[in-house]
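Across the two complexes that follow, chain A remains constant while its partner is chain B and subsequently chain C.
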Partner chain A sequence: MKEYAVYWGCMIPHRLPSIEIAARYVLEKLGVRVREVENYTCCPDPIIGRFIDRKTALTLSARNLALAEELGPELLVLCNGCFETLIEAVEALHDENTRTEINQILEKVGRKYQGAIQVRHVVEVLHDDVGLNRIKEVVQKPSRVKLAVHYGCHLFREPNGGDIWRKPKQFEELLRVIGGNPVLCDHNRLCCGFPTSHVDPEYSLRMNLLPKMRCYKQLKIEAVVTVCPACTIQMETGQRMLRKFGLETSVPIVHLMELMALAFGMRPQELSLKVHRSPVEDFARRVFG
Partner chain B sequence: MEAERVLKAAGAIQVVKKRDRKVEAAIRPDRIRTVASKLCSHGARFIIIAAADSGLDIDLIYHFDLDGLVVAVKTRVPKESPEIDSIKDIVPGAEWAEREASDLCGVRFRGGTNEPLVLPKEGALETPPLTRAFRVLPAEVAPVAESIASVGATAPLTSLMERRRQEAGLEAKAPMVYATEKGTKELTELIKQASFTERGGFDPERKKLRGVYK
Partner chain C sequence: MNKSNADQRVLLYDPQRCTGCRCCEMACAYQNFGSLTPIKSHIRIIASEDGIHRDAVYCWHCEEPVCAAACPVDAIEKDERTGWVRVNPLKCIGCRSCTYACPVAAAWFDEDRRTAAKCTFCDGDPLCARFCSPQAIRVATRAEASAALKQILGGAASGGGTSP
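Then we have the complex of A and B:
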């Protein structure tokens, strides 16, 4: 099995470390060797990064990529936002002039980006490199629950004009192979509203989260599965605020890594699920005991 | 060259000869009276002050003529406190130019007249007509941008989450740039080198963006 540099980003370790714990367990169970990128910064956030200043954002991304390059040729990320930021940075830095300009800044702090790293989302690494058969072998407790799939907008980003549905479909296949039952919801592709929540929280709730959560309630969804910590945070904190729109919901929002760890036999109490703001801990105890 | 020597002697930060008959100098705003005095004592004639909004600051370019050579002395005042010493007692003709810059760009000239010149005295505008909104980033996203620029993360790690991480057997701090003093210094230097301090208005000492908060 290949070795990857792993980049945790900032939302996972700072807001949802249960995803980090779960991912470490899942990767180890599957024999995926990782070396952690250290001393890194935020990717930076794909929305805020655009507001900040292109050169500054690209410099921070290039520094992260340079740190990862020292560890190996492939960088594994567990957040849709980090994935988009870093693949866009790789693409921008293919241009020799841009790379030279950014490297001139990096050189001032003793760093250099060579341009030789490939950024991989955890979904594609698990699906393509580990394989569904290997994953199936490790499953001890298939969940067999009705799940909604929330892909997250940035999962549709595909470098070099590839099929934008490749990773979302892989995500669904991964859920099925661990025993989940993903159901079709009209609003699966709708954004969770996290980016717009920065500037207009009410709009993001009304236009994004409200139709999604209504749909989940009608379908009697037992949990929503994401592959992005930002989507998880938005859906957990947001659904509490939907009362003012007349909707009471309390749906567990769980990251794919957490669901896989539970399916692989990790006990719920080992996952530190109390960091969640939706009833993920109750869901995990009920389904995985 | 005479003009370059005079400007350097008066404390100019940089002097550049733009073309045959033009020299540009950059000075700190607190040097304006010294520079104006030195130039005038060498026979320079005051031409005009051009004021322009550069986003975070107001640029002031004082133009002089020294023996047929245009000497453009550029300085910059922050929009938070757009103030500079008046030179009207050194060059009486500068008064009108100062009043125009005051009217149109809101610059306050200490010791100057600061009376409206081109705008009516009554019904003054809320903001000077040739200035743009200060903000370079929407206030709503500023805290995240400030956190990225100062600790390298979208939000600092809370003490509660540090405890949660430790309870779960993880390192208290994520292996991010802020975890070490060396890393933090590197981030600060990088933000400076990428010119986010100048273009984005990030103040590394206050860890805040300029112009976002009142």
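Then we have the complex of A and C:
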């Protein structure tokens, strides 16, 4: 099995470490070897960070990519935001003039980005490199629950005008192979509202999370699966704030890595699921015991 | 449509790809007004109450811009070389004629500056398109955008000089 450099980002180790615990378990079970990118910074934030100062944002990304480049040709990321920022930075740094300009800044900290790294989302690595058959062999406890699939906007990012549905479809297939029952509805594509929540939380809730959770409540969804810690946090805290719009929901929001770890036999109490702000722990104990 | 018009680069929005994240609005507002609030954006994403159906209001940089024709002080001009239709805020008297004249309601009135505002095409690299992860907004030629919009809107997009 191939070896990857792994970039955890900020949200996973600091706000939802249960995802990191789960991911390490899943990758080990599947024989995926990872090498840690050390001393990294924020990717940075794919929305506001990149709007405000393009050059600073690109320099931070290039430094992270340079650190990863020393470990191997492929960089594994487990967050949609990190994926978006880093893959866009790789595209921008293909341009030799831009790369030279950014490398002049990096030189001051003794780094150089060569432009040889490939950024891979965990969904495509599991689907394409590990393969569905291998995953099927490891599953011990198929969940068989009704799941909503929240893709997250940045999962659609495809370089060079490729098929935007490639990774979202792979995500659905991964859920099916671990025994889940993903429900396909139009609201799955709808953004969680995280970007606009920084600017206008009420607007974000009304336009995004409210219609989304209303639909999931109607469909009697048992859990929402994400592949992004920011979407997870937004949907967890947002559900509480939706009470002011008269909608009471308490749907567990679980990351794909956590669901896979549970399906692979990890016990819920080993996962520190208490860090979640939605009833993920109750869900895990009820479904996976 | 003559060749230079057919080749002009314009924006094209595909509702089937849009996730409603409004990053386009935030990027546009920050680029043009230094503010992240979507209210200040030249592109506006509108959605049905159930959140499923979405559409975008954005400038088509028309072949024969009605906003420019309606402006009593010639504050709106179509650049002969690039085809971009822009407002000169120093000339604008804030009469709002362009906001009423625009068939797609792309021109709007900025209450803070007291002048009309509309898409500037970001000098050729529109930020709304660059920051759109699902590529729901992209830059296309007018010929391509026109064909795509006719497919989406049916006959509604076939009107003379204001067609995309």
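Just so it is clear, the second predicted complex is superposed on the first by the 289 of 289 C-alpha atoms of A that agree within 3 Å, B and C clash if a C-alpha of one lies under 4 Å from a C-alpha of the other, contacts with A are read in each partner's own complex, and residues count from 1 in each chain.
Basically, a residue touches a chain if its C-beta (ideal position, glycine included) is under 8 Å from a C-beta of that chain, and two chains touch if they have at least 3 such contacts.
What you see is a predicted model, and the numbers here were worked out from it, not measured in a lab.
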Clash-or-fit label for the pair chain B, chain C on chain A: fit
Spatial angle chain C-chain A-chain B, Cα centroids [nearest 10 degrees]: 60
Which of chain B and chain C A:42 touches, first, second, both or neither: first
First, second, both or neither for A:199, with chain B first and chain C second: both
A:51 touches, of chain B and chain C: first, second, both or neither? both
Chain B versus chain C as contact partner of A:275, first or second or both or neither: first
Chain B versus chain C as contact partner of A:187, first or second or both or neither: second
Contacts of A:245 with chain B and chain C, given as first, second, both or neither: neither
Minimum C-alpha separation between chain B and chain C after superposing on chain A, in Å: 5
Footprint overlap on chain A, where chain B in one structure and chain C in the other make contact: 47-48, 51-52, 198-199
Complex contacts: residues of chain A adjacent to chain C: 47-48, 50-52, 84, 153-158, 161, 164, 186-187, 189-191, 193, 195-196, 198-200, 203, 207-208, 210-212, 214-215
Chain A residues within the chain B interface of the complex: 8, 10-11, 13-15, 17-18, 20-21, 36-42, 44-45, 47-48, 51-53, 55-56, 59-60, 63, 105-106, 108-109, 198-199, 271-272, 274-275
Interface residues, chain B side, partner chain A - complex: 137-138, 140-141, 144-145, 148-149, 152-158, 161, 164-165, 167-170, 174-177, 179-180, 183, 186-187, 189-191, 193-196, 199-200
Of chain C, residues touching chain A in the complex: 17, 19-23, 26-27, 30-31, 36-38, 47, 49-52, 127, 131, 133-135
